[in-house]
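Questions regarding the structure given below will be posed in turn.
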Amino acid sequence: MSETLPYYQTGTFAVGGRLLTPEQRAVQSDPDRMNAITKGHRACQGCGEALGARYAMDAAVRAADGRVIAANATGCLEVFSTPYPESSWRVPWIHSLFGNAPAVATGVAAALRAKGRTDVRVIGQGGDGGTVDIGFGALSGMFERGDDVLYVCYDNEGYMNTGVQRSAATPPAARTATTEPVGGQPGNSFGQGKSAPLIAMAHEIPYVATATVGELRDLEAKVTRAMEFHGPRYIHVLVPCPLGWGSATNETIQIARLAKETGMFPVFEAVDGAITSVSKIRRRVPVEQYLRGQKRYAHLFSGEGRPDIVARLQAAADRNIERFGLLDDGDENVNIDLLEVLATSERGPQ
Amino acid sequence: MAKGGGALTVAPQMFQARVHGRGGQGVVTAAELLSLAAFAEGLEAQAFPSFGSERMGAPVVAFCRTDTKPIRLREPIAEPDAVIIQDPTLLHHVDVFGGLTETGYVLINSARSIEELGLAELLTPARAGRVVTVPAGELARARTGRPIPNAALLGALSAMTSVVSQDSIEAAIHGRFKGKMADSNAAAARDAFDYVREPVHA
Amino acid sequence: MREQLEGSQGIARTVARCRPEVVSAYPITPQTHIVEALSRMVRSGDLEHCEYVNVESEFSAMSVAIGASATGARTYTATASQGLLYMAEALFNASGLGLPIVMTVANRAIGSPINIWNDHSDAMSMRDCGWIQLYAADNQEALDLHIQAFFLAEALSVPVMVCMDGFVLTHAFEPLEIPLQNDVDAFLGPFEPRQVLDPDDPVTIGAMVGPEAFTEVRYLSHIKQMQALDLIPEVSADFRERFGREAGGLFSCLHTDDAETIVIVLGSVFGTIADVVDDLREQGSSIGVLSLKSFRPFPTEELRAALSGAKRVVTLERALQVGVGGIVSENVRSALSGTSIPTHTVIAGLGGRPITRKTLRPLFATAMAGELPEVHFLDLREDVIEREIWRASEGSHTGPHAESILRNIGIVRAEPV
């Protein structure tokens, strides 16, 4: 007797490493991986950032033959990975300040270049606060100068390490400690947002990508691809924070997947300022399904709730789907022109 | 240290020159060139500007001290032994002559005479032969194509004071500028030197 | 070889001789000529194996320096005034991490009001950041201190800032001995970092340290600065041996051995005061001047010994602690604690106001007569102050002080208020 089993995750290699050829297997499945961030760190149970950093860093290390130096901004990753006198890092790693990780990475790269060490690669890391807010000037400077740094932003959409405050990456309607849903306010205000990946693309750097910890193999592949380039590269990874988002600690990957499948978080790659590939939504899901799993949106559903806000969020997701071509309409390789995307956005041509 | 054939000698002690002009006229360069010339002759020399932000046309003052021994003093020159005015439009707006010593030299970039400029009161007996106008801008324009009078005025200064020789002024110009710029400025300096030395202008 | 050139050019050429591997540069008056010259030297190949990074802010300038120094590169930058403040966080970070960065600070006043001229308020505001602070009395010393700074920094793993008066020194054209490459190489040697980011031997730099260990970490940096008190004179002596001239050390003294009145200064005002002191001594006055080179670490014991014979000490400084008084004089006072030697503070030269022989002579006469108040502002225009205080008391919307003072002293073409 035969049975048809629906596989919803075709193309993700989630079926199991042993069925894949070695080249297709995840870095994390390799027992000889470096474990650049090794066990013993103090991350919360279910931390999306720890997960993302592990996959990203090991992929980078493999691509660089083990020769990587990392510069890290202040934030969750830095704090939980280096509780003095212990450290989880097995690569040379420096933490300087909150707002200067891109500049420190630039300095490391400059020193390596001065010494003729072309074999060593530089990774900058930071959360959304350190990257999109306080480190933004340094990030832009690094992009503009063409410094040879891969910068990875782990975006948990708020200043989590300091107690869940709002950052420029906090999505509309989310509750944070500085955007509480009191006095009729629906959490964080609706604005035009600040898309670091799109801004990175506007700098026309060699490679920009977004990823989530819902598709870890994809994250690895993007980091690996980024390491093939030289010059400034930027990867923006959505990493749910169970504490800050109020989600179940065993649902981190699922929530990340929902962020993509609702269209809330577009997943794409761009080369030299133009989007070159989009990761399609496999099975579209209404945003409410994503929101309901997170207490930071609970105020939208308590009592009479705020269906108007939910509708606005749905509209935002719809717009992403349209702008980025997130639904499979038959086109395999969609070439999207950033300027064209912006020109047809809700606000009209710029 | 009478060098280069001068009628007037300067005793071996500190000599202080103050240059007035406007931004863009090479006032600071004038002071630096003078210091370079003095250095070439084995003197100690210090040149420095009195500053504002970079802006064309604003009044600028620069200073040059020379001495036979190392100079420790760092204050602006309040009692100049020589005042060089690169731009006569400053004359009745800025106190360019403030502190001028009794026997101090005055050198003004102008085709007009001292009397015509309304500065006859400078012509004291102690300053006989020491207050001179030179059409430095025109001399400069004739040689370099631009009316920047600094090099020419230095040639005139060396003719008047002999604090440094004309040869040293020209060497300083060649050290600071290159090629045609150096040659033409040096020529302008020599023209001004000759202009001062001709009896009818003394 | 002795040459007549601008102070900034001399600094750039001397720094180049020290073979920096990374130079980060952000422009601010009056240090621009230094970083411009270094840029030219890197581009022309005069300075080889050096990466010159044009950064987008001073905060990044120091951050790039941090990354580079941690990777084992000899690293340099320069700033002044607002720029120094903009990198304040990074200054503490660099010293806390023990990175031997050398930086020129072209001393300039801090705004508001915005002011581009020389005083010491910038470096003074960062006196606690853990950097060694050395002050140059003239351009030759400024050059020489940079060489010594790299040596000190790398020997102690402490960053060093070399302070030189903006405009007064940076833009002065004077005779300078540019050191020879061989001599600098022999004096410095290559940079051998105490800690370095290297994939062959990974380390974690910059971990969080809690209450259980922070005190000890901080104490260690205190100790290192105390060690500098011994090393600074040694380095100066070694420098004299190799280069044949005096530069640096903790301080230098002119006629202080038998002086009743000793004046303490930092920076280039020393030159002018030296002339005045020599004149006064010729007239029989008992006065001497001490030029302080090392402000951090502060040579408490050594100063105490040098001042022990004085009847009074006058500290003339180009900065102040608003609401308190002098800064340097406070440190001097602590050096003299237990003695009965009175100390006086003279605040002078703020925002680039020239300090002249004309005002110094009566000042010193007053001091020697024992009539100097404890804190005295040199050259203060009391009439302007009184008028402004009166004007501000007249109502609530009286406008900014700076603008009305400028009107009253005729700087701004408007009616006085």
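Per-chain numbering from 1; labels A, B and C assigned in written order.
What we mean here is this: contacts are C-beta pairs under 8 Å (C-beta built on N, C-alpha and C of every residue); 3 or more make two chains touch, one makes a residue touch a chain.
As the structure is a prediction and not an experimental result, all values here were calculated from the model.
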Task: Chain separated most widely from subunit C, comparing mean CA positions - done: A
Open item on the list: If you tally contacting C-beta pairs for every chain pair, which pair wins?
Closed with: A-C
Task: Core chain by centroid distance, with centroids computed from Cα atoms only - done: C
Task: Cα-centroid distance, subunit A relative to subunit C, in whole angstrom - done: 45
Open item on the list: I'd like to verify one number: the distance from the centre of subunit B to the centre of subunit C, where each centre is the average of its C-alpha atoms, in whole angstrom.
Closed with: 34
Task: Centroid distance [mean C-alpha coordinates] between subunit B and subunit A, Å - done: 66
Task: Residue ranges of subunit A touching subunit C (in the complex, touch as defined) - done: 66-69, 71-72, 78-79, 82-85, 87, 89-97, 99-100, 103-116, 120, 137-138, 140-141, 144-145, 147
Open item on the list: Which stretch or stretches of subunit C touch subunit B in the complex?
Closed with: 4, 6, 29-30, 116-117, 138, 167-168, 171-175, 268-272, 274-275, 354-358
Task: Parts of subunit B lying in touch with subunit C, wherever the complex brings them together - done: 31-32, 35-36, 39-40, 44-49, 51, 53, 71-76, 78
Task: Interface residues, subunit C side, partner subunit A - complex - done: 21-22, 24, 49-51, 53-57, 59-60, 63-73, 75, 89-90, 93, 97, 197-199, 201-210, 213
